[in-house]
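The following blocks contain the structures, represented as structure tokens.
Heads up, the next two complexes both have chain A, just with different partners, chain B and then chain C.
Let's turn to the complex of A and B:
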């Protein structure tokens, strides 16, 4: 009895379930087609994408934590990447300085969004959607006006290192790191640790979550709710900016296309990981697992030679299924608890 | 109704009409009257028909306080269905159009049912269905352009009374019907009540679930109508259809005075706002500016309209409160 209860409690942890499904799918795709295990062509790019998209997911997670949505994640990433690319091409900035420019741009965009949300009291998804439309035109306009090829192509020293190097080139006492891990996972790990630490261990994180779960209660317990809303959007913008810069590094150039594919994955990761859309509960590590799962499905299907259209159908279904499963689970627990009393 | 209260309630629509007339005259003047030629007037009106209908499709969902991100994907799939049926399966025109229209209606109904059953935000549901539908659209048309359907259909698209094409008349007629539905029928008013205050609506015996379902289904039907017009006015259907519908679907109703919080509609405002956006597009072509400048302008206008309308609403609320206290 005790053992079964323990097993159910482990199995009801979304992260465990996610890891098991991801691993099973990973093995399934690999056994069906050996090409899936190829380090150079599949796994290395997969993890490089996973790193970027996890950061996008974290950007969305910060907005979700206070019960908001950020529909402009992709475009914030685009503007930040544009700022970074501009600083490399026209100002001759060094690599870390350019990254800093991108992060600050993202933070400013987030602050602006948060400020509009607080001041106008308009629903966040409307403000961010309108923001997305405004930035969309802005980004294309800047690229068309300032660049000959609609992209900033200057590569500062060290960019290729971040793009192409894997841990295999680092050896300690003759043991080298695995070839499948790209350098890109380090920014992701840093972001995961920082966001996880903030929500798990700090007062700021708890205040954000409380703001998300019950705005009135948060206000009554003396939390500066308006300021926390802006804070959450600043974090969201900064992380979106980081993701944009990471994608720019991966592509080797900065163009208006950066971020245009971010919206769906930004929700998939956190939602699969167990983050509530209504706010108040986040799953930082789960976001990474959710992202990995979607990427394994995507890459696995495309290695099987299944086209883009089926991938879209599959990912849309995964999102709808994950959402409905959460809802069904909630329904069952409420029925069960009602039966008990 | 006296003039003052009329102006206060119709402020947005009156000023949009003024902007439309002034902008039109300015464009006529700077183009040395080229815009007044029958040809350019006809093309102006032809490409106005689709934005009006997709604006309406978004407006009915906004009326219940939700949004439909899938308008473009739904339009893409339903026009692809029409084109494939008529070109590859030799369906007669009426049957092809009917099946395509019904498919759009069904997609709207599915959105509505999913929102009602899962109790989730309509935005996230339509994000999911949008992704799925984009997959289906690609499956249907691949990378081809389908144009082997009967030419009588595209002939119909070019027919007009004077400079006004039939298809614009169709979308105006649909708008009038929609306006009648919301102002004259019980069902329409119940939908608006749900959007205005779901709790109050429920307490007065309105089924919010039914209102949400009706709004999404209606949105699907309007997308279906937009697809019929699309296939009649374009020479071929490819995978890019619907890709640029999202911004204009939101822009027209929001600029036209529809509150995103729900509970309001503005049929005339949406139509005239679509006209203004069309003028911006014409101006861009006339001064040969980059297309991105249009989406930037429209986006900024939408963002400021959203912020302004809320600010104005709160201002008027404060005024009312103040008045009550002093009385």
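Let's turn to the complex of A and C:
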């Protein structure tokens, strides 16, 4: 009885289940086709993508935490990356300064979005959708006006290091880091730690979650809900900006295509991880696990030589299954915690 | 066929709690049967078992010749059982007729037959003498009107058994009278009615038989109500004799500066030149019928709606309160809302996190990190002080019974240690013992120096605990009385004030 309860309690942690599924699929794909274990061709790029997509997921998570959606994550990433690229090409900024430009751009876009949501009282879904269209036009316009190749291609010193280097080049006492880990995981780790710290430990994070859980109650508890809504969108924009810059680094140039694939994956990570779409509960580490799972499935299937259509169908099915597992665990949890009504 | 519903030896356990233990109940057509018990005694669980929401662990249920527990609410509805819930189950954006025919809309060629739908709804509404346009949207109705729509909805399903779960919790006296007429009418037509209420006076007005639950057991099973005095029923409910509460006249010093003063205040919501003063350590009762504008006044004071004219003074100083945060952090005013589920609690947060929601600023370490130890310490302090029944501070607020939820929504404001506390309808849906404890608590808090405005539609409650009573009607103050706590004379004076206005 005690043991079963313990197992139930461990299994009701979505992160554990996600890790098990991810690991199992990872081994499965690798054992079926050794090529999957190739550091250079599969795992290194996979983790580099995972780093970027996890940051996009965190951007979405910030909006979800207050029960909002940010449909403009991709375009916010695009504009931020564009600002960074512009600063390298025309202003001759150094690498860190350019990154800062990107982050600030994202923050400003988020602030604007949050402000519009608060002032207009229009649903964030609509506001961010409109924002997405507006920014799409803006991005295309700028690239076409300022660049012949529709991309900013100037690479500041150090960019190639961030794109291509793995931990294998760092050795302590003859032991080197694994070849599969790209440098890109560091910005992701920093983002994970900061976001996790904020939601898990701080007053600001708690106030965001309380706002997401029950806006009216938060307001009547003296929490400045309007300001918190704007704060959440600022975080969302900043993280989207970071993701855009990371992808720009990965690609080696900044183009309008950055972020166009961000929107759907931005939901998958947080939701698979256990973040509520309705607000009030977030899964920061789970976002990374969820992202990793989707990428392992995608890469794993494509290494098996499965065509794009089949791949998408399979991906959809596995995601559905993974999400249902989440539901099943929730049932476990609610059965355990339900008291007398 | 007279016996309609038979419950025999029903038990139900949730992890850690025996919610029901061998409960028996016989509900007969043509009678109104009271189901009484404190919060958490198992009333809601029993209703959920009857309507197929929960499965019983053991026991039997017989309804209209069927001898099995219902697997789902739909099955219960088909067997002629309807329930009017405490939390109303209407769809606000649908019209009255759409709601009434929701479970079984009349079809013609597979499409909803609109004229038939209107006819059915009208028929049900006229049975209970409720005159309303069936096309009206439910969200535009008053709480009492919604209750009547629910009953009409029950009639359309040809229910022979109607379960009313605290139908009078949030409606006015006149509306209650109307509701009782309808209940009597249905009963005389042979419908079996189960009536759950915390208001014993009403139970005696309307019910014929009674079952009392205590800690999940039926301590009184389907007995004629007339055989028991009110005291005896209360004893059965709480399991010990509730000592008659002493009337306590508190001495309030009104010579000094008032804690709060309103001078000729007009609001954007339409309050007319409201003037009032609240002295330190005083309980000022604000009585009025539903819709008199009391909660709206409180919310305007707190900055949720605009004050268009006049001034608010706190300890003699004129202030402008911008919003709730301003009220709480700068002016030390708290507000316990009447809608605990919608506005008071974060249901998917723990009890401890609910209590700490008003005091996050006070329990911080460096970098804005919440000090978990302090948070737990304060939560435990108020859980103990209010006697909130929980396993631990991490229990989610949504798993608590109504009374305990109400305590949590008060606890979070006690933790805030404000100077002034506005308490809006503190005991709606709260059982007798908890109610008495709340009344005691409010007076104790005032003794400790807290200035309290008590908004309540429960006249005995206002008279039991207020030092002074301000009577409102139609967004204006119609009078103010020193409370002698002599119920007959004070209640007469109050009613006279309301009706002369």
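The rule we apply is simple: the second predicted complex is superposed on the first by the 313 of 341 C-alpha atoms of A that agree within 3 Å, B and C clash if a C-alpha of one lies under 4 Å from a C-alpha of the other, contacts with A are read in each partner's own complex, and residues count from 1 in each chain.
We adopt the following convention: a contact is a pair of C-beta atoms (placed from the backbone, for glycine too) under 8 Å apart; a residue touches a chain by one contact, two chains touch by 3 or more.
Quantities reported herein were computed from a predicted structural model and do not represent experimental measurements.
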(message) Let me test your reading of the model: by the given contact rule, A:38 touches which partner, first (chain B), second (chain C), both or neither?
(response) neither
(message) Is A:309 touching anything from chain B or chain C once the two structures are fitted on A? First, second, both or neither.
(response) first
(message) Tell me which touches more residues of chain A here: chain C or chain B.
(response) B
(request) Tell me which partner A:223 touches in the superposition: chain B (first), chain C (second), both or neither. (result) second
(request) Identify the partner contact of A:204: answer first if only chain B is touched, second if only chain C is, both if each is, neither if none is. (result) second
(message) On the A-aligned overlay, A:120 touches which partner chain: chain B = first, chain C = second, or both, or neither?
(response) first
(request) Using the superposition on chain A described above, determine whether A:154 touches chain B (first), chain C (second), both, or neither. (result) neither
(message) Looking at A:130 after the superposition, I want to know if it touches chain B, chain C, both of them or none. Which is it: first, second, both, neither?
(response) first
(request) In the complex, go through chain C and note every residue touching chain A. (result) 14-17, 19, 40, 42, 44-45, 48, 304, 323-325, 327-329, 335, 337, 342-349, 353, 357-358, 360-361, 364, 367-370, 391, 395-396, 399-401, 412
(request) In the complex, go through chain A and note every residue touching chain B. (result) 69, 116, 119-123, 125-127, 129-141, 144-145, 263-264, 267, 277, 307-317, 319-320, 323-324, 327
(message) Show me the residue ranges of chain B that touch chain A in the complex, using the header's touch definition.
(response) 67, 114, 117-121, 123-125, 127-139, 247, 250-251, 254, 260-261, 290-300, 302-303, 306-307, 310-311, 314
(request) Flag every residue of chain A that touches chain C in the complex, lowest number first. (result) 201-204, 206-207, 209-210, 213-214, 216-224, 280-281, 335-341
